[in-house]
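Each of the two complexes below includes chain A, the first together with chain B, the second together with chain C.
Coming up: the complex of A and B.
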């Protein structure tokens, strides 16, 4: 116990003495959450549309008005023909264009469907998909209103025959993109800093040749590892508290699950990420390589394989299997469940179990690597 | 003392030897980038399809069975279960086993046959707001088709505007074609900026910086010599991941390879500059790493790799315009998918070069002041 306290105290001193790194570690997650939380918007806005109107009738103008009705899309360029439009798209001046052929009004008033053409730059597929979906939605609603009105004026029924979909949105009732991003963002920001912080602490002993002093002291591997880990977990907890407060009070993300359970999950997650850093540090014995690998091993996989940006169900089965090795996957499932859905252990127990396993395996690996250098 | 290429080459040779001799760095440099591209290229799939759906069938008619079958038929939805109990659907949504539940009411078939309006409730998991919105549009389109087939035919009072979509450059709107060039950019940015971040601070930590400062070599020669091997490594990695992108993912490369090399060189100026700046500001490798991380994360998240910049609020767009990634990603996508030439790329390239020159200049200046 005294040995543990000694290591714990020494590591605390290390953390407190490097003021710059400590300040950065405490402030970074909060600043980044604020930055990304406000900046990243999933709903379509500020879309600039190029327009070719060969029809020039009230109907064609009404169509453009319908598309621009909610203010997300506005006409920024009007050009004479399709060739001019393609030049705009080639040069990236507009990324979506609408062509209304001549005879548009005439056809519609004759009761015939009138084709219009949408041209979209598919090089930015995420934008293209969103913008097309948005234009399609605006058109659908505009047309439905128009038809309903025409029918009503003609003395028809109040509601059109056929299936009317009545959607009730659960968990994220306003379909607020920020509510979706924030829990994932918290997980990604935490794991990177956590692994980077601890990836230094065993390698440093090797590089500064203090490792031999530790080896000859009567400290066992697990005690050393825990003593090194716990002070960093303290730093992690401080990060989590600021970040969660920001999520709740600044972005208004609700916490519908149990706060106690969320805290336990967070501790497990931090411990796992930090044990990963510790393991890399003990295996690689070099601060530089350990840092490189811990950043590479946490940053891109946590962004891309954890379900933060891309749905895991969409991935190739091999990658789905690989994503089980990424703790952010479990933590994101838990935070989304806890924040938005209010689910508990009954649903989330496999994720908890996986995080306990990850943490244990990493700590065991770190300790065993350290022991093997004793002999 | 004039700028001497001989002295610069000496530093470059030493630095290259340092990197290549470290057997732990070699896999980090050459295998990890390609592995990342392959893994992430397969992962980066934003297509909304195979949305898991529960059907609660209260009607149990041929029509309701047809609805379930037609919803399941396309790639949009996978019907995971057909049940008679709403509680099942609630449970599945809570557990994440289903993302939407559609509740077919009793009297659906009768209502359609009598040409009445029939309300069909749908419960939607809104957690992923984008996926939810798109899934809702899919459901509306499929159900509109079913209504039209079952309602007695009638002359429409007014024709509809019928949008025909033509997607240029990426006709199937494959998100992989869009993401893989993005991953190329990310891998290149991460590796080169981290390498150069270590360059100066490593010497400082090992105490060899004093020896370097007292050797008869100018700061510019030292920095150029230090960065030159990273330029080589960066170009090699760029070639490696570009070839992998073309061969493994079949992303078309419609531009010229020479232009790509040129643009990579311009981009490397800013990534190496950022790393170098971090390296001259930091006391320890850890601090340098934190500084680089501080720049990389916003570059990726705000730079248009994942999210369209046009959606962002004005201040964030201004911030995005300061990141080199924002321009390089446009260039790389235009080279891969649009086959753009230098005339189209010139504006982005100029912005990239301006950022690179400023960052490199500041880093060199800082280094000179410190070493003096």
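Coming up: the complex of A and C.
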């Protein structure tokens, strides 16, 4: 215990004495969450539409109004012809374009199908898909109303029996993408910063030759590793507090689950990431290399394989299998559950179990990879 | 229990295809000041590291303070003090914090720390600088601090790997006075050095070359063994050079 406290206290001194690194560690997650939180935007919102209206009739105006009804899409440019529209799309000035041919109103009144053309910038496939769905939805909605109207005018039944879809969106009522993004973003930032923090602390002892004096002492590997780990968990907790505050107060993400459970999950997550950093540090023995490897080992898998941006169900089976190894997968499941749904341990226990496992394995690896002899 | 402070037999250490230490025996009497000499790369540091349990030998065995280093490294570690060739304390900690850290790492009882620290500060002339950051101390003071840290748990055997490299002559003299004091208190000192005048201070010296022992004995005895044709006793330096020459010629 005394030896543990000695390492613990020494490590705290290292952390506190390196003011700049400490300031960076405390500010960075907040700054990054702000940047990414505002930058990553998955919703169809503020979409600029270019319009070519060859018809210029009440019917064509009504159509545009219908599409822009909910405010997500707005007409930002009106141009004379298709060539001008193409230029707009090429230059990225608008991302979707609508062409209403002449005779639109005439054809409709004549009871003939009236074609219109929608041009979508498909470079961003996910955006294109969403924009298409959005426009399609608006049109269908409008058409259904028209059919009812027509039937009624023609003396048909007052109410047309049909299927009425009543959608109720749960957990994220406004389909606010930010709410969905922020918990995932926090998970990615935390694992990355946590592993990077601890990736330095064993390698530094090797680089500055202080490791010999430690190895020669009776301090055992596990004591050294735990003594080094815990002070950094303290730093990690400070980071968590800043980003959670930002999530709640800046982005308005609700916390609906138990705060205690969320804290436990976060501690597990931090400990696992930090043990990973320690292990890399002890194995690689170079601050520079350990920093880079821990960055690559945490950031990319957590971004790509955790289900943060891309649903795990859509991945190739091999990647799906790989995603089981990514702690961010579990943490994101837990935080999304906790922040948005208020889910408890009854549902999330497998995720908790997985995180306990990851943390234990990483700690075991860190202590066993750290040999009490020089190579 | 062996009566020797260090009893190592047939130590071999290979790094890949390179044999750094080749069948070396080391026997150090209790209370000795054992001088360990040799050119750079002769294998001195490797031997010390094997004796301290920092490196596992490829072959051979070592008893340190009667304990098998391979089997009970923890028992050995608690009883030895070690000062690495390169300065290896924490620059961003103060002198006191470094001492305190090693006191705790070696489980020195709290009640004893204050008393021992005071003794060490006086004995090593560190008083007045104890709250300075270690990184700001001069090489001579740093070396004294490293010695203080290596002594805080009152080891029975002290291993010093080139403790006086890059240290001015005055500090070296102060340092050796300290070594002699330690010896009178019953500590065995195992020291490597390049300074042959320092070797004269030792009760026994061992010369190594290219991983092998080339000469072993008390300084006076070695000089007598290598008596010059004109009857004059050679200096240790001459003995060292002669031993290295025969070593190079091959056994």
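By our rule, the second predicted complex is superposed on the first by the 336 of 375 C-alpha atoms of A that agree within 3 Å, B and C clash if a C-alpha of one lies under 4 Å from a C-alpha of the other, contacts with A are read in each partner's own complex, and residues count from 1 in each chain.
Basically, a contact is a pair of C-beta atoms (placed from the backbone, for glycine too) under 8 Å apart; a residue touches a chain by one contact, two chains touch by 3 or more.
Just so we're clear, the structure is a prediction, and the values are computed from it rather than from any experiment.
Applying the stated contact rule after C-alpha superposition, one finds that A:18 touches each of chain B and chain C. Note on chain A: of its two partners chain C and chain B, the one contacting more of its residues is B. After overlaying the two complexes on the shared chain, residue contacts for A:135 are found with chain B alone; chain C is out of touch.
Of the two partner chains placed by the overlay, only chain C lies in contact with A:213; chain B stays clear of it. Contacts of A:65 after superposition on the shared chain: neither chain B nor chain C is touched.
When the two structures are aligned on the shared chain, A:154 is found in touch with chain B, with no touch to chain C. Once the two complexes are laid over each other on the shared chain, residue contacts for A:81 go to neither chain B nor chain C. Using the contact criterion defined above for the overlaid structures, shared-chain residue A:286 touches chain B, although it does not reach chain C.
In the superposition on the C-alpha atoms of chain A, the part of chain A touched by chain B in one complex and by chain C in the other spans residues 18.
For chain A in complex with chain B, the residues that touch the partner chain are 18, 20-21, 24-25, 28, 32, 35-36, 38-48, 63, 86, 89-92, 104, 107-130, 132-133, 135-137, 139-140, 143, 146-147, 150-151, 154, 156-157, 159-177, 179-180, 189, 192, 196, 200, 284, 286-289, 291-293, 295-296, 299-301, 303-305, 309-311, 313-316, 318-319, 322-323, 333, 336-337, 340-341, 343, 347.
Put simply, chain A touches chain C in their complex at residues 2-3, 5-7, 9-10, 13-14, 17-18, 208-220, 372-374.
Of all residues in chain B, those touching chain A in their complex are 22, 24-25, 28, 32, 36, 39-40, 42-50, 52, 93-96, 108, 112, 115-134, 136-137, 139-140, 143-144, 146-148, 151, 155-171, 173-175, 177-179, 186, 190, 194, 198, 202, 283-287, 289-290, 293-294, 296-298, 300-302, 304, 306-308, 310-313, 316, 319, 330, 333-334, 336-338, 340, 344. Those residues of chain C that touch chain A in the shared complex are 49, 52-56, 73-74, 77-78, 80, 82, 84, 86-93, 97, 100-107, 149.
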